[in-house]
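Please read the structure below before turning to the comments.
Just so it is clear, A, B, C and D label the chains in written order, and each chain counts residues from 1 on its own.
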């Protein structure tokens, strides 16, 4: 019987001997390192590590075996340490309003096996996307704002809880979350903003970009925080525009970029490649 | 004897018959159109045109001949109309402080015949770049800020006037121009800002970008106005960065982009490809 | 009653007076030019023009009126001249094998009104995409290769003819078309090739790219000709890769780019922005 | 007294325990790891590592101390292991023909302290760049081809040897090196090719690109091998072009890209970030 790869992520204060301790513990358990990245931030003095390893040897060790083997190291360095089976899939709930392009892109990628995650449902404050979502055999949680924001968000949280979602993705969900909701979802909610943040925060960013006369526009995927459009950035991408583009052309051309950026950010989160470093992120590619 | 190509630029209120009138006048004078672009802005209702044409026929017409031939058309439509010989070169004065990369790039391109313009001198508030500039056989106007800003800017304006410069290029000139100076140079002064405007206006943009944790940085060439870093944008370019870049790496990687963006903007201005459209630009490529 | 905009495209031998004649004829018919581009290729000495205009005045002229008004001009210059109502939609037939990402992307864009065309059906040599296509209410032409290539292509041509398709899009259709089929579809069949042509022609381009160790990969949309992967290029886009990407990662990351490139090429063709210039294209953006 | 950082690079067959052994040896010598990357190629089964570390503790260890500490590890795993002081600068000889843009760019970056290397001279088969090179106070080795290729290359090798150059950079040196010369410089000679390899190998790549009608062009920096334009690629970058660019515009726009790509490749080599992996490279950024 073959065992899956395991993914190890670590965050702790940076000091001498971390890599030695971790890699020695892994080698002692006959783990072959398939992929590994680390980064020490000289400013925050935090150390980040992501390692993909493979059990070898006659006795195939389990996740629990490795957890035990690493526990003394974690204690010694005060680590936030997480271990995942590489084939265990992050459970993801999507949220959308009326613009379905990101939703459609993520659902197709998930359905064709390109995204290593399980979509467990879709939340929306509109009915527009129900038919698409149900074609994919997914529950559609219609949560209209007419119920009042408090009540709507409370039902949103219930949808997250009952579906067991570990990550919520705002795939062009055009409602500002309350501070309470933001705190509740800290580090496990990704939003796509249709501008090259920090330019053009808030509403109608493409129209702002058009008015400013920029020659390049962008899209940004970031973790949601209670500071609107100020959360830690995971990924950005840009695209050239010209004077001949009106605001509608900005919008139209931007959609492809939003798809790409959000899809990358969600994939990287699901592969445990993204780690919070204060108001910034470390992304191990 | 062969005649040079001519460049015609037009700006006027958009209406029916402009292209017909201009192209008919040109055809009547035996002008062969080598390149032509026009753009009507549906928002400002302004019309912009740039045409490169070539006199043909037995009698080779001069710039003055074409000016006369187009005068009735210009009057009829209330045009701002300009005519240039394509081989007449814009006279350019460069300004720099201590970071010489953009200066060095522009001087090399000019000297090797790649930029269709004449550099007529360099202004600086420091002495650092004198040796480089004098190697190119150009006058170096050392205008220290210690003389007081008013006096320094007055000498700057004298350098522009006496050199006959039609365009001033702030090639990493790290002084904020006074409102008066900005107005004096309106539409004929290009600055390179080392960020993807409107993000990170003001000082130390790469450090701001690092602190915000962006994944893409940029550079912006724009016309100088009295609103700091708010002038009409001519060109922008972006470049990926990662969590492993510190602020110094942002700065270092940004320089190549600044070179490219400023060089393009200056070339396009010198080729009469850039036209002001309110707070935005039309750039005919 | 408002009239739609009209799109005029012209191709002819370049000479003096073309723009004058066309724009004078349009102005005489009270046409307001909303958008116009032309290009004279100094090498092939061909002239290309695309103009979007709007009838004005009390008597609203029809497409037929403009056709008549332009006929003498077309005759005089020996023009290939085409006129379209901007709101008439190109009929498009899609072809796919097993990789559905481009198909899904185009169908979503079409269905949500972002692509100015009518999808009239999908051809495939496999059954995999039937369910998706039928969800969109489109006919699915299952044309297996087991019938023999001749017979299969004959049925393919029938599907094109019976659906009235003006454009065929090979959206990851993994069969090489016969020379006869290529000639039959000349100038009206667009393929997406998953490499940055002319690099990595033929099969498994991402694997070729991985083996060569390139640092940037690309995708190319081109018109199909009987020279495999040698047809006139409409659009290309590139994407950075690193040593840490294996061939599968090349494939996965490439898909987003294929979506974007094919979607742009199809849109531009449908908007009559693409014109053939020998083995190259003119693309008016 | 502060000690400089050290850079360690390793290449060996991949197996269990490499990172553990290396990092344990470093930790035992009180080395603080500032930056580290490793990569195991699942195809070639080779392991690559680059680590930047800093001696700490009361007894500051020297390069020689670390060499001794790591020797048993290197023996055990059969490693190619190299150790550098981070402030020791690679000695670089540049070669150029008549196009001076890359030369000028590298010299400026070196002179302003942006490139962590020592330029020790310039070789050229023409006299054109002598004045520029001598302004920088560097020896100019004029080696005309009229002496015969054998004799010219022999003098080229002497210039390398006598200057102590560790890296030779062909900065638009338009001569094909002999097989013998290529073998002599294997892994220590970088060339800039003005196309997006493997497209457009050989002469006049921009003209080839123009003729093919591509919409994106590129530049490639690679190690020189006896297979012309087939050496391991270090870096590539691309740039959009349009139908309105003639071959000269391809050339002109390409130069900025060549500067950027070659400068990055040379920097990364000098920082010991590039390692050969068969016909490909590993580049640790």
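By definition in this document, a residue touches a chain if its C-beta (ideal position, glycine included) is under 8 Å from a C-beta of that chain, and two chains touch if they have at least 3 such contacts.
These numbers come from a predicted model, not from an experiment.
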**OP:** Determine which of the two chain pairs, A-D or A-B, is joined by the larger number of C-beta pairs in contact.
**Re:** A-B
**OP:** Taking CA centroids for every chain, report which one is farthest away from chain A.
**Re:** B
Subject >> Approximate Å spacing (C-alpha centroids) for the pair chain A, chain B >> reply: 42
**OP:** Report, in whole Å, the distance between the mean C-alpha point of chain A and the mean C-alpha point of chain D.
**Re:** 36
**OP:** Please set out, as single numbers or ranges, the residues of chain A touching at least two other chains.
**Re:** 35, 39, 42, 242, 244, 285
Original post:
Does the chain-touch network form a line, ring, star, complete graph or other?
Top reply: complete
Subject >> Contact footprint of chain C on chain D as seen in their complex >> reply: 39, 41-43, 196-200, 212-216, 218, 232-238, 242-244, 246, 277, 279-283, 285
Original post:
Which residues, counting only chain C, touch chain A once they are in their complex?
Top reply: 35, 100-101, 104-105, 108-109, 112, 114, 135, 242, 244, 252, 255-256, 259-260, 263, 285
**OP:** Flag every residue of chain D that touches chain A in the complex, lowest number first.
**Re:** 15-21, 23-24, 26-28, 30-40, 42, 56, 240
